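Scroll down for the structure; my scribbles are underneath it.
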Amino acid sequence: MKEELAKKARMIEAVLFDVDGVMTDGKIYCSERGETLKAFNAADGLGIKLLSDFNVLTGVISGRNSPALRYRLAELNVKHLYLGAVDKLSAFEQFLEQVKLTPKQVAFIGDDLPDLPILTRCGLAVSASNGCNEVRSRADYITDRQGGDGSIREVVELILKSKGLWEDYIKGIC
Amino acid sequence: MKEELAKKARMIEAVLFDVDGVMTDGKIYCSERGETLKAFNAADGLGIKLLSDFNVLTGVISGRNSPALRYRLAELNVKHLYLGAVDKLSAFEQFLEQVKLTPKQVAFIGDDLPDLPILTRCGLAVSASNGCNEVRSRADYITDRQGGDGSIREVVELILKSKGLWEDYIKGIC
Amino acid sequence: MKEELAKKARMIEAVLFDVDGVMTDGKIYCSERGETLKAFNAADGLGIKLLSDFNVLTGVISGRNSPALRYRLAELNVKHLYLGAVDKLSAFEQFLEQVKLTPKQVAFIGDDLPDLPILTRCGLAVSASNGCNEVRSRADYITDRQGGDGSIREVVELILKSKGLWEDYIKGIC
Amino acid sequence: MKEELAKKARMIEAVLFDVDGVMTDGKIYCSERGETLKAFNAADGLGIKLLSDFNVLTGVISGRNSPALRYRLAELNVKHLYLGAVDKLSAFEQFLEQVKLTPKQVAFIGDDLPDLPILTRCGLAVSASNGCNEVRSRADYITDRQGGDGSIREVVELILKSKGLWEDYIKGIC
């Protein structure tokens, strides 16, 4: 890990992420009743739970909203939810105020244009590998994994490793 | 972008697309109640909304029809719908008459044989990367992305860039 | 196309195929109510309809059975159905007797061990690219496309081209 | 097959596996009613049935639990189920006691951190190709296939081949 990246990651006290293209592969499954299904990733789920175990806050800022999404976020105990957010930057600012953190202490994982205002302001700007050019070019880190295939998990490991928490954790479970 | 392609793209006032293999990856999800589920793409969705924001008309010409498809098209505010179209060329001609555009002003994105009559007549013929040989060989542009994985979004960016609208738009949102 | 392959394909009057791993990518989608969903491919669908248009018989021999499968087969007008077949070879022999064809006049597309007895006897033995080693090693032709991503369509084109029917068909629709 | 691996595989009397990322590609499909859908693999299914035919025990140890999963496991006649297991090692030890086998006689296929305590103790430790670094580095064998795309089937063939059972079986069905 490059030292500049590690330094940014070490500061992080909260990880926020986009949903479509980050928590999922970007597929919007529709039935006659609307967006009835969403496909999340098991390895991401374990990563999100690990953040909570290490007292890193987790939250979601998404332009969409669905019962399927809320079910998964409840299962993963993600508490800071900004769903159906028309203005993502305003949601980001609300979050900062509520949890009393500065932008430098917050990581954001995004993939598309509505994520840009947050990515240019947060402490650790991450693009999923499938992010659009504008997002990738402004990111501190581009994941190897695609959204919905472990991109969030990759960021979780990056942060916990930068804080020196990963190695002991692995030893403890073997 | 090659100048010949940019010239064609600059003329476009409407973008029509096929559904299966273009808006989706070609998967037909069936249950006992028929085709109950369709998987669309979030990045395509943002692209389609952008076209509307820039007053480019959007429409769909598909041989299939389902409540799931109509839900997504309504969500994206796609207004010109020719669903269950047996003769796609006739649907294309109806569209031209209704919106008072010439073929040169219309882009079509297709992937399979029923799209050929439109693709050989429209102003900007696009094949998704997964298009069949006959479609790809007649296309002005073959997308890098597969259908259902951003092929439409790629065409949206191509058109808006050719019109010189993209760069200012990105600056405005950062 | 190699002449030996073309010669076999030219004889074909019926195409039979397996379902899971051939008409689909092998995914078995289960809910609490059993196998409630199956994902087919639009390009395969067009190919299967083309076979009917050219009076080539179509049929399915599968070890599984579900309402979702029967819906799709009805939509594609596939008439010879052997579903829930424990002994695939016996189904194959029933089919031959019913339609009065010899094995040499029948193509079979399979991917796994239960397909072997048919593949070693039919006139044109095809393995989807994802077929197991034993199936691929006994096939006259291995598709480039995976099951559920156009493997059937590829065989349809191979057969219609070998019979000299493809080129005129394409000219007629442009 | 390397002799050391074959030797371990030859000892195996039971195969246990994880679900998400091993029996599936790790996708967690959620609707408003929770995890309503799971996507399994047909080739894995055939492999699991083959194990039973050759009197190798099969079982599942998973942190999750859903009606969809239980349906598929019943269909495949997998009898030893430890679902919703918080402590996987304890489930593994219960299994050993119940079936009177030693760790050396049991293979486990996993992909993520909660599988580590079993993988470091069982007789044949397998990681799906998509396994996390910690799992892959401790595995006796890493599959070529991804979870949900034949990783289990690959292990079944490895075991039956090591026991000299595969070749005769194939001859018998051709």
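For clarity, chains are labelled A, B, C and D in written order, and residue numbers in each chain start from 1.
The definition used in the following text is that a contact is a pair of C-beta atoms (placed from the backbone, for glycine too) under 8 Å apart; a residue touches a chain by one contact, two chains touch by 3 or more.
The shown structure was predicted, so the numbers you read here are calculated from the model rather than taken from an experiment.
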> Hey, which chain ends up farthest from chain D, C-alpha centres compared?
Replying inline: B
> Over half of the interface residue numbers used by both chain C and chain D, so same, or under half, so different?
Replying inline: different
> Once chain A is fitted to chain B on CA atoms, what angle does the rotation have, in steps of 5 degrees?
Replying inline: 90
>> Need the CA-centroid distance for the pair chain A / chain D, whole Å please.
In response: 31
> If you average the CA atoms of chain B and of chain D, how far apart do the two points sit, in angstrom?
Replying inline: 43
>> Please output the residue numbers of chain C that touch at least 2 other chains, ranges allowed.
In response: 36-37
>> Using the definition of touching given at the top, classify the network of chains in this structure as line, ring, star, complete or other.
In response: ring
>> Give the list of chain D residues in touch with chain A in this complex.
In response: 20-21, 24, 26-34, 36-37, 64, 111-114, 116-117, 120, 132, 134, 138
>> With touch defined as at the start, can you tell me which chain C residues reach chain B in the complex?
In response: 36-43, 45-46, 66-69, 71-72, 75, 148-150, 153, 170, 173-174
